[in-house]
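Two complexes are shown next, each including chain A; its partner changes from chain B in the first to chain C in the second.
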Partner chain A sequence: MALLNAQGVTKRFGGLLANDSVDLAVEEGQIVGLIGPNGAGKTTFFNCLSGHLVPDAGTIIFNGRDITRWPAHRVAQAGIARTFQLVKSMGGLTVEENVMIGAFARVDDREEARRKARQVLELVGLLDVADMYPGELPLAVQKQMELARALATEPKLLMLDEVAAGLSPEEIEGFAGLLRKIHREKGLAMLVIEHVMEFVLPLSERVYVLAGGRKIAEGTPDEITNHPAVIEAYLGEGYARAHKR
Partner chain B sequence: MDVVLDIGISGVLMGLVYALLALGLTVIFGIMDTVNFAHGEFLMLGMYAGYLTYAYLYPEPLAGVPVAGLVGMLLGVLAYTLLVKRLLSGPPIAQIFGTFGLMLFLRYGALAVFGPNLRSATQGLVVAKRLVVGGLTLDAAKVVAAAGSAFLFGLVYLMLRRTKLGLALQATAANREAARYMGIDTDRMNLIGWALGGATAGMAGALLVNFYYVSPTVGMVFSMITFTTVALGGFGSVPGALIAGILVGLIEVFTAQVISPQLKLAVIYTVFFLVVLFRPRGLLGAR
Partner chain C sequence: MKIWGIIREAFTFSDLSRGERIGLALLLGAIAVFPWVVKDGFARTVAVQFLYYAMLGLSWNFIGGYGGQIDLGGAKNVGFGAYGVALPMVLWDWPFWLGLPIGVAFAVLESLVLGLGLLRLRGHYFAIGTLAVALVWEELFVYSEWTRGARGLLLPFKRAPDYLYMQLTPVGFHYFIAALFVFSLLWLNWFRRSKLGYQLRAIREDEDAAASLGINVLAAKVKAYCISSVVAALGGAFYAVYYGFIDPDSVMHLDLSIMIAMTALVGGAGVLWGPIVGAAVLIPLDRYLGAWFGGGGILGMDFLIYAVIIMLLAAYQPKGVAGLIEALVLWRLKATGRSTAGLRAVGGR
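Take a look at the complex of A and B:
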């Protein structure tokens, strides 16, 4: 049975059908990409999965439990962690303290949380800036901190919302390498929302494509790049834009 | 010179009580951006809790401090669950009117229940006692109120900096949405913030009973001083509350001494006005 199984997820905002009966599954240890043009409903879908929004219809089964109507903090405790398109750091707290907040999802003792935070910071290569404040750091580093904070909650599924947005091609390359390393070491399942094709396609084992709130295709990265509906809805435009940068 | 020292000490002593009062208000604001206009009324009910314990249960005002803490905490919890929580889904102005209404309700409810008479404690360990320390004569009741306030302030500060709950509260204040995705129940953090705000205001009230009269409208004066303190220190800033509390205490006593006692609040409000005008985020405020 899949680790995450979303069936018929539907979310309406007034007259806008942001998600129209979307199905998606993530197996244990699998990296799944979720792509689609702007306004396709990717972030809405993410918000439904992570408990920020309650879908109007559909079910979300995670790790054998129906989490469809759970609030975000319970979803996090159940083992889904996420990062944000726009970094949400906790100002006034150091990088280490930010990551400790994540670790506190699993442990109560402060020293244990600190130890775990430092382990994760070492994994993502941020031990050097542990005592700095997120606001003092460049965007790429803040995104790594967010990744560390999410990892510190010991998730079974890590959801990444447009990690590549705002990063330079070199930084994107570095981030992809980091995610591969984490995947190799932890065997963690990941669901990656992304615009930047060069980033998400090589990383993913399976890719889902949303457009206009519906799933229009799913398959391996190769199948997706050659899928006529995808090329029409997204790739032509997406590739052109990605190459212009 | 001795006079200046005397006045300075007296200002710092009152300032520590103001700091404790400001602490609750600033913590609630930091966590959920809500201004509790009824904070002074929490203090007033804490004073009554302390006074009534003294008058009917045990003839020592200090015995009322823990009682007032519990009453204040309960008030905070009830105010949040019955009122503020429901206002959160409305526009921000609803919170202003909501807690303003709560202030009126508690103030005039107390007037209806307790009557308009001023009451005060006439006996007790530190009531109307002098404390002579190295040539300085201090009001023992103020020293105890200041020491109690400083102790409670330190306790809350340590809790915020050193415990899991404290970090969860800070995380909620810094970024509510991110905190939620880290598994923090932010609704519960709101509730804890109100419980903390109520308990500290209540205990500050009971500490004041040793030297301050108790009346249903006493919250009015303290509210204004507390708002000034929080604005001066920076909304949401805990160290700011301490520094600003002491500053306000000093401004108050020196104005009373140098200019006129009648004008002490006027000068405090002038400071408030200037802070809002020139440094809206306060001395240590983040926003």
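Take a look at the complex of A and C:
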């Protein structure tokens, strides 16, 4: 059985159907990509999964439990961690403290939380900026910190919302490497919303495509790049050509 | 043992800078010797009021400072503490120590119920809600015959010192409020480095991020709000026996709510010693100006002006005086060419 199984997830904002009966599954340890043009409803779908929004219809089964209407903190404790499209770094807390907040999801003792936070910071390579404030650091580092913070909650499923947006090609490269390393070491499942195809396709085992709130395709990265509906809706000729070469 | 761990934490100030620790030590030393050095009655009164308001400011810091939830109704909890002691004492001649838990328990229960409703609100809606509820309580106490309405309660007179009824000598009262103040300081010191304290700081920064990291935002806020109410109610209980007379005007008035928030915000909200500095600035200013001008001091000002000042401070300079000191330190480091990375904390992290 899949680790995450979302079926018929529907979310309306007034007259706008932001998610129209979206189905999506993530297997244990799998990296799944979720792509689609701006306004496709990807972030809305994430918010429904993470409990920041309550879907109007549909069911979300995670780890054998129906979490459809759970509040965000319960979803997090059940093992789904996420990052945000617009980084939410808690600016009044140091990098280490930010990550400690994540660690407190599993432990009560401060020094234990600090130890765990420092372990995760080492994993993502941020130990040397542990005592700095997020505002003193470039966006790429803040995104790494948000990733570390999410990891510190010891999730079974990590959901990343446009982690590459706003980063330079080198930084994107670094981030992809980092995600691979984390996947290798922790074996956790990931659901990756992305805009930058070069980033998400090589990373994913499976890719879902949203457009206009609806799932228009799903398959392996190869299948997706060659899918006519996807090319039309989103990828554009340029990318498909580049990949055939 | 868990309790020893908590006590050890409460007494641990090692994350503060050396200057801060020296400052705190000097303050505690001064409080300890004050009644022996200063014999002037008025100055002693001002000292007691300083400790009283500093304590109330510390209570505000739990929810308003570390949690970022602007509470504009703190006086109601002071009132519950004061009436909890005064009412049974007047009606049934109950000693202080029997009335105290009643007032505190009422404050906690009321804050629990109110918090579960109001703390769902975000931003300034919580501030407005607390303000409105505190006003309702004040009116209830003014119009209720049971609490003797606006006439207030005059406590039965005992021969001082009486430790059952806590009717003490001036020196006794000084140490009584000093003990309560130190207790509040230690509690806040434990809190700010506890899991709950970290959670409140995360909530202050971003509620969505906090929730995504497994924090039950409402539950954490309600807990801090209840702790805050305990400390404020203790202050109110002290006030009742210190003055021997209370009425809604002295322990439930909007001015008091405003003053509590101001104490923390002027000194530094979310900074351990912020409310102490705030009280040290505001109380002598208020009392001496009031004495000189014969008016109501700065408390005589329109509360609307205060409300505006509070909102502005909360939005732009919540760290108050502490924030200015911090800025000064950073500026000096920069001027001497040293790195300021990560050096942005006063009152510990």
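Here is the rule we use: the second predicted complex is superposed on the first by the 236 of 245 C-alpha atoms of A that agree within 3 Å, B and C clash if a C-alpha of one lies under 4 Å from a C-alpha of the other, contacts with A are read in each partner's own complex, and residues count from 1 in each chain.
Here is the rule we go by: contacts are C-beta pairs under 8 Å (C-beta built on N, C-alpha and C of every residue); 3 or more make two chains touch, one makes a residue touch a chain.
What you see is a predicted model, and the numbers here were worked out from it, not measured in a lab.
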| item | value |
| --- | --- |
| Clash-or-fit label for the pair chain B, chain C on chain A | clash |
| Which of chain B and chain C A:149 touches, first, second, both or neither | both |
| Partner chain in contact with A:72 - chain B first, chain C second, else both or neither | both |
| Touching partner for A:104 - first (chain B), second (chain C), both, neither | both |
| Partner chain(s) touched by A:136 [first = chain B, second = chain C, both, neither] | second |
| Partner chain(s) touched by A:84 [first = chain B, second = chain C, both, neither] | both |
| A:188 touches, of chain B and chain C: first, second, both or neither? | neither |
| Partner chain(s) touched by A:94 [first = chain B, second = chain C, both, neither] | second |
| Set of chain A residues, in rising order, touched by both chain B and chain C | 50-52, 71-73, 76-77, 81-82, 84, 88, 90-93, 97, 100-102, 104-105, 108-110, 113, 149-150, 153 |
| Chain A to chain C touching residues, read off their complex | 50-52, 71-73, 76-77, 81-82, 84, 88, 90-94, 97, 100-102, 104-105, 108-110, 113, 131-133, 136, 149-150, 153 |
| Chain A-touching residues of chain B, taken from the complex the two chains share | 162-164, 167-168, 170-171, 173-175, 177-186, 286 |
| Touch list for chain C against partner chain A, complex | 193-195, 198-199, 201-202, 204-206, 208-217, 270, 341-342, 344, 349 |
| Residue ranges of chain A touching chain B (in the complex, touch as defined) | 50-52, 71-74, 76-77, 81-82, 84, 88-93, 97, 100-102, 104-105, 108-110, 113, 149-150, 153 |
